[in-house]
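Next up, some structures in structure tokens.
What follows is a pair of complexes built around chain A, which joins chain B in one and chain C in the other.
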Partner chain A sequence: MNQYPIMMMVLMLASAALIPIVNVKFKQHLHAFIMIVMSALVLLGIFNVKHVIAFGESYINFGGYRASIGIEFYISQLSSLFVLFVIVLSWIIILYSLKDMDHHIANSKLKSYYTLVFLMLFALIGLSFTFDMFNMYVFMEILSLTSAAIISIKDKRENILASFRYLLLNTIGSLSILFGIALLYMVSGHLNMGELYRSMSTLIELYPMNLLLAIGFMFMGLAIKSAMFPMHVWLPDAHSTAPSPSSALLSGIVVKVYIFTVIKLMVYVFGVDVIRTLQIDVAISILAVVGMIMGSIFAIGQKDIKRMLAYSSVAQIGYMFLGLSLLTSAGIAAVMFHIITHGIIKSALFLSAGSIIYKTDIRDLRQFNGMGYTMPLTMAVFSVAALGLIGIPGINGFMSKVYLSLAIVDGGQPLLLGAILVSSYLNAVYYLPIIINSFLRNDPVSQPNMIAEKLPNVMIASMLVLLLAMIVTGFYPQLFMRSIESAVAFLGL
Partner chain B sequence: MIESILEHINYIGAMALFIIGLYTVLTHNNLLKRVIGINIMETAVFLFFVSIGYVEGARAPIVLENGETLFVNPIPSALILTGIVVAVSITAYSLSLIVKLYQHHQTLDMSEIMAAQSEDRS
Partner chain C sequence: MNFFEATLLLWLPLIIIGFGLFDIILIPLTGNHTTARKVSVGSFIIFTTLLISFTYSSVINEPIIYAFENIFGLGIYFKIDLLSYIMMIFAGVMFIVVGLFSFNEIKPHEHKRTFYFFYLLTYVATIGTLMAGDMLSFFLFFEIMTFSTYGLIVHYRKESSYEAANEYVYLGVLGGLSILSGIILLAAYAGTLEWVNLGERFYVMGNVKYVIAALFVLGFGIKAGMVPVHFWIPKVYKEAPFSVNALSSGILTKVGAYGILRVASVLLFGDLSIRAFDDVWRWATSLQIGAVLIWLGIITMITGVMLALMEENIKKMLGYHSVSQMGYIIMGIGVAAYLGLDGAMGYAGAVYHMINHGLFKALLFMVAAVVYFHTKETNMYRLGGLAKKMPLLAFVALIAVLGITGMPFFNGFASKSLLHHAIVEAYEYGHASFIYAEYLFMIVSAGTVASFVKLFSFVFLGKATRSYDMIKVDYQKTMIPMGILAVLITLIGFFPGVLLNSFLIPSVTAIGYAPEFIEKYLLGINFFNFTDLTTMIYIYIGGFVIYFVGVKYHLFHHYLPSWLNIEKILYKPVNYFCEQFPSLCVIRYEKPMVLGDVFIYVVLLTVLLLVLVIRGFG
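The block that comes next holds the complex of A and B.
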């Protein structure tokens, strides 16, 4: 039996409990402890994927209860891969945060920050593996509490307001998901996703109204949580005021896990046929296209770099929902690839923006003239990531657009290609001026000779790893795509 | 008509409470009232969930010697216990955030706080 998922979760929970009670004299010891735990987590994630590929997908039942009354985990290939991606990306971001967090919070709060991050990872892993509806709700609530707390830990008043609004809207989202779960439980008597799927064909005949309401409530809740376009209002404040590592975690990972949950609900619970019959996919694709374009338009007007990146996330989430609305295996594979791509690119963008803020305290895009001379390495990472989001060949953002376009053509809706094209142009409109200003325009104050900036080593290392990941997956996308495609084949679409 | 309303009064009440709560959260400017709205919404969902498990004239699900077999469904009640714990922690956390916001701004009015902060930014 595959015990690795439980080991991962126990490791996270135990170390989250250990951090605040252990008395550390030196900060280096805390850093070492955190990185050892994270490295162990990465190893467990790799072992888990290997085990799933070698011995097949498996179920874990907690406490020895039957699946229909107990809590069940489903260790599928797709969720194992997704969890590995989450763990590796958060390893890189946490490495960066070791130094950058000094800039944002007092030393006495460092312990609570890492406790929160570990609890968040615990909820992320649980949310990806769980196969029980109520368990899903509980993990979501842990996730929304911890992710709101890693925003408000920086004790500025704009952080507290952003965190409050994030918490409020997230709670409305979780409550409507719980309402949806109640409506499903009312007519089916099941909370297990597999049992629900088996009773779906009778439900749609006997209680179509309940089913439609349940799907409506659940998708509305998940749309709020994953910041689909008209429900995105909390995202710009939350992602831009948070400390830079938190922004990277929230934008690169937390939003993605809700999209992964949407995939799980569509495939494992309702089934693709029910979604098609009720025409949920049409509604999703319309909102996705509007989000892709409006998110970019909002981003154009922004002056604060992190706010601009946050609005750009809204547009990118539109791409993911567009791929989902196709309901084909090629579409879901493209979404998974884009989740990985965008996770890497957006973390690189937020971390390089964070380095600029760490070094110079400049957040205003109008002061970026000549930034390429004062911080060449950081701006190189930023430029490559920005070009990737625009879709320049050779960077992974281009490949994910190619996969998405191929899936759209396969799905027989070529008109949607226009939306990708328009959105890419709009991306270029707000990313290119930054690159041009920072490298081609001279700041009159600073001298024009280029010296590599003196950032802490861990920050440079984590940015370089992300840069390498962007370029390697840009030239060899098959590295990821092959395993994603074989995992998606197991969904049976 | 009236009979069917009376039969489903729990569900209708839960729906009404949910909408009242949502209305409070979305329209009120007072931060505390927003948290109260969230609490009303939570109560609505809990009422709905617990009503699903209710069986007319049944006992609490404790097996006794006298051979009664009509029990209410214990699963929704057990789930809602967890839900209440989650709701309490969210309320506590949001109230602590309100305390901090009040210390910074000396007001509980959302629009005033937003106005003060957007003035800051520009």
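The block that comes next holds the complex of A and C.
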């Protein structure tokens, strides 16, 4: 019996409760406790994946109640891989935050911050594994509350405004999803995803309107939460005003889990045939293409670096929805690979932006001249990540573009390649000037040589780990792609 | 020696790239030790070229393939065949010679370290591109080459340098994406990324093969300076240092043409040892694409030479001539594709011209650089009478001019004759309309003569318009690289058959062109035959006529109408879209969008409900 997911969730819940006990005067104790918990979590995640690969997929029924009454978790290969990705990336970001958070919030609030982060991880793991609709809603609510809180913890006016707007829109989204769940329950009497799938064929014939409404509401809610254009409007404020580790967590992980939920719903609950007949995939692809292009257009016009990175996220989420709309196993594999790739790249971008702000307090892009000479390591990480998004081979962003393009052509829509072309070109338009300004526009008087910057060790270490990950996966993408493809094969598309 | 050969055969690409990276990282650390830097850069390039040259004995038999599995998920391959062999040796020679010259141009206080960092990076990327055996590794090194050239162009760090370099790099990114789309489409429809056996699958692909071919030609054409995407060349050449211009004209634009040649020979020929009965169908695609390439080449030739005749800035004029000469090369590649199995002449002419043009264009830029060092002037109308002050320079310049105009016994004659034969064959064996192509070829050659007569006479002959007596003439050190190039130009001119027999004929035979054809036309060709020599005389006479008519009626001071400016038509709108439009969007729409979030959601919800209700009643 696969106990690891339950152990993971209990661990996060328990440590979230234990953190307030640790005396914050000894910050090293707090840091040690956090990193020990996170490392234990990573180990559990790895064991979980190994267990699933060795023994196959399984179900966990809480309290021993059978599926139709109780809460069920479905530990599939795809969700285990996704959870492992979430945990490892959080490990790196939390390592970075140990030193960076001092810059943003007072000591007394540090404990609250990590409690919130751990609760957020608890909700993320639960949301990925859950196989019950209402349980999904519960975890979503926990997730939106905690993620709103890690934005507003900074206590500045813009943060509180941004977090309030985030919360407002997320609640609208959650209510929308709840309404969809209610509509489904109304006609089928089931909350369990497996049961819903089995009764789907009868439901289509008896209550097509209900089904359509349910899909519409649920999809609209999830689209708001995962920032699909034009429902993305909360993202720039939220991700740019939040402290850098929070931005990285939100942009790299939280947004992705909603896309993963969309995949789960489309495959496990409704089935791809229903989606195709209702032509929802066409609607998604149109909105995705618009998002890819408009997200980049808005990014070009930005002056603040974190705001620009936030709009860049909107564009990349468009890529993911485009791959999703293909509804083929190559498409889903490409989306999963891009989720992991973009998670790594966006975290690298946000963490290096955070280091720059930590060291020099510069957020305006017009002041980046010669930044590569004052902070070479940071700008190197930033440049590699940006070049990956533009599409230079050897960095994992390029491989995800290739996989996505191949999936698009295989899926029978070669015209969409043009959208990827235009969007990549627009990516170059706003990332290249930053790289050029930082390395080739240095002031020869004040910045004659590159001097390695003095940053706290954990910050440099986390950025270098991400850099290594980007380059290694860029040259050997099959390290991830093989596991992803075998996991996606289980979906039976 | 066996161990040495074995190592070479197994690990050459890794050795080159590994040492290259090591050397590149070493450069910023050399600090102010000029000699150490010069030695490390120079020795690396010489070392690599020597290593590559040692593979000749193996390459002449069959191409060497290095496979590195598991990289990029599919494995990458490096391949040295006769074409890449000669291109890599040529690249090594060019980088060494231009590097020697650059020691005179790049003065100590001007970012010397950065310059050589990018110089070496460009060299490694160029070798990587030439050695690449599959599309992904080709694309990787091609992109690195594009970006490292940016660093070379902005050497002077002026605002105008950045503007010109930005235009180049955005076009370069666009070209790269175009090539990538071609690669993806090819991989998706052919089912593989390897370069072998693509020809079989290519010609059955349906209409998508024209899209793929167009994408590749556009992408490589941007790099090669093909019309209509040539307009970055004059802008960039005006701003960059002379050494960078020499490098770009000499070898970097050739990589673009090499790309077209590679793609054409892989896609359109495939495995020629299999002569199937449906040869007609296979060659039909080759015919169409070849014809388009020939006309693109002709248009490029004409545009380049016309704009060069009207130009007064020496750097820009030489840049336009580069565009024009690349037109010759593209036309040659077009003939190679058009005539199919009989296209050996076009192929050989194109590659020969790549080498020759690199040699004399680099020499011309070096001469222009020396003139600039002494007079600080790049406008040819304001110069004059320099032959008296710098006779050796004038002599070397004369050699280069004779080379580019195609004087017998200088290298240009050999390659231009081959290309002339190629276009005549296109007309004889192919469609009759190519006779006009041949006429245009002759006119452009005459135009080239006229343009260089103009350059030489305005710069070196006549009376000095300003008093240049006060200038201290010192260009001893520059004579070494210039001398090397001049000697090569003359040697190839006197013995044109040597290159042909050692490299080009084995290369075309290896690709699989019809051996009967090669034997009849190429093997043992007598370059100095009566017909070709008289053709040259006519071209020279025509050139002088154009020059005298132009000078008498002040035709060279006209400008093209401004609506014909391609840069304005193509680039400026895209630039506007990418720079002004986003700012507009952000300023006008962002705030309302962010504040109107609930409104957006309500609107969407209402629309959704309406749609559902309507469909429900339907």
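In the analysis below, the second predicted complex is superposed on the first by the 487 of 493 C-alpha atoms of A that agree within 3 Å, B and C clash if a C-alpha of one lies under 4 Å from a C-alpha of the other, contacts with A are read in each partner's own complex, and residues count from 1 in each chain.
What we mean here is this: a contact is a pair of C-beta atoms (placed from the backbone, for glycine too) under 8 Å apart; a residue touches a chain by one contact, two chains touch by 3 or more.
Values in this document were obtained by computation on a predicted structure and should not be read as measured data.
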- Message: Applying the document's definition of touch, where does A:278 land relative to chain B and chain C: first, second, both, or neither?
- Response: neither
- Task: Based on the superposed arrangement, let me know which partner A:145 touches: chain B (first), chain C (second), both, or neither?
- Result: first
- Classify the contacts of A:175 with the two partner chains as first (chain B alone), second (chain C alone), both, or neither. first
- Task: Go through the superposed model and pick first if A:186 touches only chain B, second if only chain C, both, or neither.
- Result: first
- Task: Based on the superposed arrangement, let me know which partner A:461 touches: chain B (first), chain C (second), both, or neither?
- Result: neither
- Partner touching more residues of chain A, chain B vs chain C, is chain C
- Task: Under the contact definition given at the top, report the residues of chain A touching chain B in one complex and chain C in the other.
- Result: 168, 172
- Item | Partner chain A, residues of chain C touching it in the complex | 28, 70-73, 111, 114, 136-137, 139-140, 143-144, 147, 150-151, 154, 157, 162, 166, 169-170, 173-174, 176-178, 180-181, 184-185, 187-189, 208, 578-579, 581-587, 590, 593-594, 596-598, 600-601, 604-605, 608, 612, 615-616
- Task: Show which residues of chain A lie in contact with chain B when the two form their complex.
- Result: 69, 134, 137-138, 141, 145, 148-149, 152, 155, 157-158, 160-161, 163-164, 167-168, 171-172, 175, 178-179, 182, 185-186, 191, 304
- Provide the residue numbers of chain B that touch chain A in the complex, in ascending order. 18, 22, 25, 31, 34, 38, 41-42, 45, 48-49, 52, 75-76, 79, 82-83, 86, 89-90, 93-94, 97-98, 100-101, 104-105, 113-114, 117, 120-121
- Which of the residues in chain A end up touching chain C in this complex? 165, 168-169, 172, 176, 209, 212-213, 216-217, 220, 224, 230-231, 233-234, 236-237, 294, 297-302, 390-394, 399, 402, 405-406, 409-410, 414, 417, 421, 424-426, 428-429, 432, 436, 440-441, 444, 450, 475-478, 481
